[in-house]
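Going in written order, the chains are labelled A, B, C, D and E, and every chain counts its residues from 1.
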Amino acid sequence: MEFLYAIEVMLNGLMAGVMYSLVALGFVLIYKASGVFNYAQGVMALFAAMTLVGIMEGRVPFAHLIDAAFGVHVSSFGWTVPAVVAILLTALVMIGLAILIEKLVLKHLVGQEPIILFMATIGLAWFLEGLGDVMWGADVKVLDVGLPQGISETVERVTYDWLGYGFFIDRLDIWAAMIAAALVAALVGFAQYTKQGRAMRAVADDHQAALSVGISLRFIWIMVWSIAGFVALVAGIMWGTKSGVQFSLSLIALKALPVLMLGGFTSIPGAIVGGLIIGMGEKLFEYFVGSLVGGATENWFAYVLALIFLVFRPQGLFGERIIERV
Amino acid sequence: DLVVPNLSYRTGPYGANGTQYADGFNDYFTLLNERDGGIGGEKVQTPECETAYNTEKGVECYEATKGSGALVYNPLSTGITYQLIPKVSADKIPLYTPGYGRTSAKNGKVFEWVFNAPANYWDGASVAVKYLLDQNGGSLEGKKIALVYHNSAYGKEPIRTLQELSKKHGFSLTELPVDPPGQEQKSQWLQIRREKPDYILMWGWGVMNQTAIQEAANIRFPMENFIGTYWSGSEVDVKPVGAGANGYKALTFHGVGMDYPIYEDMTKYVIEPGKASQGGQFVGSVLYSRGMYAAVVIAEAIRKAQELAGTPQINAAQLRDGFEALDITPERLAELGLPDFGPEIKMTCDNHGGSGMARLQQWDASTGKWTLITEFTEPDQEVLDPLIVEDSEAYAKEAGISPRC
Amino acid sequence: MQEGYTTADGREIGGVLMDLRNITLRFGGVTAIKDISFDIREGEIRAIIGPNGAGKSSMLNVISGFYVPQEGEIWFKGYRRGPMKPYEVARLGLARTFQNIALFDGMSVLDNIMTGRLNMMKASLWSQALWWGPAEREESENREQVEKIIDFLEIQNIRKTPVGRLPYGLKKRVELARALAAEPRILLLDEPMAGMNVEEKEDMCRFILDVNDEFGTTIALIEHDMGVVMDLSDRVVVMDYGRKIGDGTPDEVRSNPEVISAYLGVAHE
Amino acid sequence: MFYREAGDFKTSYRDDSQTFPIKLDRWGYYAILAVAFLVVPFVIDSYWANAVLVPFLIYAIAAIGLNILTGYAGQVSLGTGGFMAVGAYSVYKLMVAFPGVPIVVHIVLAGAITAVVGMLFGLPSLRIKGFYLAVATLAAQFFLIWFFNKVPWFYNYSASGQINAPERTILGWAVTGPATTASAKYLMCLSFAVVLAWVARNLTRGSVGRKWMAIRDMDIAAEIIGVNPLRAKLSAFAVSSFFVGIAGALLFAVYLGAAEASEAFGINKSFLVLFMVIIGGLGSIFGSFAGAAFLVLLPVFLKNVLVAQFGWPTDLAAHIELMIVGALIVFFLIVEPHGLARLWALTKEKLRLWPFPH
Amino acid sequence: MFDAMPDRETLLEVNNIEVIYNHVILVLKGVSLSVPRGGITALLGGNGAGKTTTLKAISNLLHSERGEVTKGTISYRGERVQELDPASLVRKGVIQVMEGRHCFEHLTIEENLLTGAYTRSDSRADIARDLELVYTYFPRLKERRKSQAGYTSGGEQQMCAMGRALMSRPETILLDEPSMGLAPQLVEQIFEIVRAVNEGEGVTFLLAEQNTNVALRYAHYGYILESGRVVMDGPADALRENPDVKEFYLGMSDQGRKSFRDVRSYRRRKRWLA
């Protein structure tokens, strides 16, 4: 029984890990393509989810601002948009955002050190956070695109018949796992086997050299940020469904960081494998050790696990070897 | 004019909660100004300052507003309250923290400037246990209760009390901390699923609440056995979960909904003329009501202070006297248009926390409304009083305060 | 041949200072160095030449302790050198320059050169924190030495410039200055003259010869300019594909048929 | 035309390596010090002290600390909040356990304890580099906060885990506790900031500083020319944590007076200090002050303008403030990626050439 | 063999450009050149003379180094190209091989070469054929095709950078110090390749070189740059005979090449710009 329970914890850990991976993927894409550590990824997920809800519910963007500036009360257009259409529209918004980011930020920072670009994404994160709130309001929004939630009875029944103990698996998690698998397969294929994928890796290595062979940084960046925006949207949908769309959604980025470390900043499969290991590790640790030391170990455990791992493999599981030459 | 700063937070991790509270607080004073021309003929100003639930911004807001003759502070944050306790003592300005802040501030002998009536965290814990006792015919012997709490100063507050109560009533207590923000609680809920506690109490705030309620629904925990504290029982916590949240219970120390006469005036003087904070979109919600209730108590204390001082132009020290002589009787509440909205509040020099009475409300997902399911209940003072004395005296010693009264 | 010898222009060369015996270095599947032995004598100018990718830089990295060879022994001043970290090797009196200039871009020329003397600066953290006594004294003393080198290499006017902004040739010179500041027993130079025109090469040669003359510093250098190599060096090692294919005086090497076919192409004048 | 270095000759290496080689700069510096010590304390009110100057000075100390680690030694750290917590809890325990010992000693000791903890968490830096290290230092951040939260000994078993600073005095003046005057708080922080800035400057201009910078710019080359990377990195972690620990101690004891680990020293603090360092300028002491000033003052300023001047609702103002600060950060980075310090230096360079550029 | 080719059409024209880095450092102070179609033009000069800057100004890569062209014009095929981004310039047929190689460290040699073909929309087969061609020019690269470029030797990286540029089937190659760090045999080889590509495929070259000797042997026309100004230009043969060039750039005195050992004192250099 104890053993089965541990397995259940592990399975749920794996599922939680998939949810982290969804966020980590966005980081990896951008890092791989521009060497930029995109701190704004979490906020992008929040922004995407807010926009999605806003569109679905037919909210008027900037209602609050319009109210304050012109004294006109507006809140809703009075229509609703079906989920699929809204998702497409939101994806378009994310592409627009990518174009703007390239135009207003990245373009001017070509060739700067990574830490400077990192800082710029922090500025971006603040801006987007403020913008999201001004556009759609800071209330907690309910996001329902029709994904199922709650215990999967099938799994419970089958495992009960089979093992005498019904496992708890959330249906939302099962969906997340399937979506993540599809995303990863598509992205890996793209990065390794297409011309644009190769160009993207070239850009990550050396901006100047990439320019010199005629790779348009602009195009690559817009492309990658758009894809990352889409990934953020997917992460936003999953996490938003789980716990509502609100400020805290942007903090899931913190859950994705140890995943990145473990998997390697540059590896798409690494994001998934890292997520699985972290998810499983932290749940099992909390289960076996957490109760002995007072609980709430999950936040730091993931980082410590990743840290210990890095000591042995400084580039993460699948990260590119760090080239050390003189 | 009377200045009552509103240290609110409408942004940041808890912005969704803070914004409703701040609206209620503002609107009540607007009502007084519009309808009665203020209190005792003096208009009330509520300069608002955004703290984002951040302690340093809280300090900044305090410093920025205190110069303008601030009478009382109500920051809606336990962290900021702790910051402000030494400051208000030095500056001699009352601090009113209904249902949050430092519990042992109930002891007016040590905390001269802090008031937390009608109820505090420990009262809540005790009332919840009393309710469960009632449900179980007076005995919790052998029952299992799990406490899911926000892993912070705030969330840890009820632990001592609950431990004492568990000794007294013979139930077992499992503590399950959740690190803020609390979007990922799988481990805690798997543990609950395994240990199958009879009841769950929750001390949460912000996104942690709805995630917990969602997870409880996911593992099909019977919602009626799941009780949240005051701050885990607002619409934002249950609505995102939808039908799954039906039957969830929470503590409260005031009434809910709009079935009170005061809302006629509120509509007439505040909402319809477009003077409501944020257009009045949250009127009647739990947190709005709570913000309004805090304003009601402050307004009554001001009235009392004016009476004692013999002038409408009171200062902060006079307001403290007003608080200490405050007695909001049920009749007075009815007069204010809020019959049976809150318990009777009676404060004295040594009791800054009132009676500590609280009640329970339950969520009905189909109508989207909270309904009150118990009367105001008295907490177990026998257990609480010694704890309060102990904690406040420790503070007095640390801070070198000699008890008054 | 333990004894020294006298060069054509009459300089006395001492005994063996460093002896590399049967060095083999592999990177995964690539064997960068295959069983190479040679020695460097006190006071001589020793050149290492060979085609690109032959393993010359790797050899220098082995000497300075950055690569650890899978096989072979390194003897220094008559003692076998155990496994050592690069910074420990540096303290034995080895200093070097790098093929792809490894200056500290964020620092000024002066600070870069001062880093060469780090091993001679021993003031404690405390005295440095308070800038008191030993720290201050030491700073001035070392600064004086460094200024001598700056004068010697004629880079006075760029003292305070951040090195990132300097043109290539000057960077090379600053790198040399940094290596010299360490007052090394052996100076390892990896293509010190790459990317320079003749005039600048002449200057560089002059500096190298003077260092060798004045301080008696032993020099090992890698260079692709045959003119420079043949004129400067006392003895030359030739590498190809990780193997040693020649070792001897410039004249001997020049007429070695294997060297000609692998490296020089045509017989060089 | 007025800003000149001509005619300002140095006759010794000692003069040449002083902090402000240009006379005008030196005078400016003395003037600022004189005003800060002799004028400001008499005119300061509690709003300026508590909302602006005290936090500015404390953050400047933390920023100098992080700048030593990140700007000089090139090791990006996101553990600053955790290390500040170490400083705060150390000083609390010391203050309560040894009430007779002067508070300044406690604060310095708190710094020393933090230095040891910092060194411990600095160990992985030998293997882990760049952003991997940055993320790895988050382990310190989360672990330390959890630890202070979980072990009741640190907060003397108080019910809520809050710590409160008791009153302590220097020469009869209260510097901690509720009775502290605005100018006492300010002077206390100012003295620490000035002394520590001076120490930081000394360290960074000497051989330790060069070792750090060498490791930052090219660690392999540094090792080959004789820098022991372990010692250089650990000394950077130690010194940096010492500064950060003192900042944490001051933040808790002098500024806030009460604190709780996860609220006062959360991950946001780590990021905030890192922003200060980058905005101000990596590898610049002056930059640390500039960055701290920028990020402490700007929000206060914007808030005052938007709410007090324009009368906007506070939430809208807060959101727009966030947008403006974010946009300004990006804007400054585009104008000058090396921070305010470089911007200032460039301005001076232009002034020096003025009115004859090129 | 064509010499100065005065009759040829001018492909690239640089007219009196000024370049400033970081808004303050003035590096080029009015440089003019013209590059004829199908020719090899050499840009010579000492360290820091501004050769690299000139090439980057042409290929529009200055931007990312915080440098900008503040005066003068650059035209390619008579069209102003200053405003173009580097990618469009590559599409027009101008590609630069940067100083210091700049290979993509984490990509393999072969992937590096393939990025060179990024702007081409030709079929895979065409690209594969060109890849083979590059491998025949540089057999060493074929051996290392699967290694990460970051781990190859300096010379291998230089070849990789050259090969990568060839992969774009350019009309003009701007070559910055191709000989730096290469073994003598390889230097000859690379210049032979330059000549072969030039003659066989009509590619125009503008090359910046320190190795004046070789450069002038292969180039048709040369410019000598000093401190950001063109101080001398002329057909390669004429330059080779110029006594100043002989002494300062070729290291020859009247007695022929002198030994580096015999340089006894630091000479006061002759400067055209005193």
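Throughout what follows, a contact is a pair of C-beta atoms (placed from the backbone, for glycine too) under 8 Å apart; a residue touches a chain by one contact, two chains touch by 3 or more.
Chain-to-protein mapping (UniProt): A, D = Branched-chain amino acid ABC transporter permease; C, E = ABC transporter ATP-binding protein.
Predicted model only: the values in this text are computed from it and were never measured.
Q: Taking contact as defined at the start, I'd like the list of chains shared as neighbours by subunit A and subunit C.
A: Touches both subunit A and subunit C: D, E.
Q: So which chains count as neighbours of both subunit B and subunit E?
A: The shared contacts of subunit B and subunit E, listed by label, come to A, D.
Q: Using mean Cα positions as chain centres, tell me which chain lies farthest from subunit D.
A: E
Q: Counting in whole Å, what is the centre-to-centre distance of subunit D and subunit E, each centre being its mean C-alpha position?
A: 48
Q: Averaging only over C-alpha atoms, locate the centres of subunit B and subunit C and give their separation in whole Å.
A: Each chain reduced to its C-alpha mean, subunit B and subunit C end up 74 Å apart.
Q: From the C-alpha centre of subunit C to that of subunit E, how far is it in Å?
A: Computed value for the inter-centroid distance: 29 Å.
Q: Distance between subunit C and subunit D based on Cα centroids, please, to the nearest Å.
A: 42
Q: So which stretches of subunit D touch two or more other chains?
A: Residues 146, 149, 220-221, 224, 313, 315, 319, 322.
Q: Which residues belonging to subunit B are in contact with no fewer than two other chains?
A: 10-11, 15, 19, 151, 179, 278
Q: Two-or-more-chain contact residues of subunit E, please, as numbers and ranges.
A: Residues 151 of subunit E touch two or more partner chains.
Q: Among all the chains shown, which pairs meet the touch rule set out at the top?
A: Pairwise, the chains that meet the contact rule are A-B, A-C, A-D, A-E, B-D, C-D, C-E, D-E.
Q: Can you name the residues of subunit D that touch subunit E in the complex?
A: Touch residues, subunit D against subunit E: 346, 349-350, 353, 357-358.
Q: Within the complex, which stretch of subunit B touches subunit D?
A: 8, 10-11, 15, 19, 48-50, 52, 54-56, 59-60, 63-64, 67, 78-79, 82-83, 85-87, 89-90, 102-104, 151-154, 156-157, 160, 179-180, 278, 387, 391, 394-395, 398-400
Q: State the interface residues of subunit E toward subunit A in the complex, per the touch definition above.
A: Touching subunit A from subunit E are residues 59, 61, 63-65, 85-87, 89-91, 95-98, 102-107, 111-112, 114-116, 118-119, 148, 150-151, 164-165, 168.
Q: So in the complex, the part of subunit D that touches subunit B is made up of which residues?
A: Checking each residue of subunit D against subunit B gives 45-47, 50-51, 55, 96, 146, 149, 158-162, 164, 166-167, 177-179, 255-260, 262-264, 268, 300, 303, 307, 313-315, 317-319, 322.
Q: Hey, which residues of subunit D end up touching subunit C in the complex?
A: 12-14, 16-17, 199, 202-203, 205-208, 210-211, 213-214, 216-218, 220-229, 235, 239, 283
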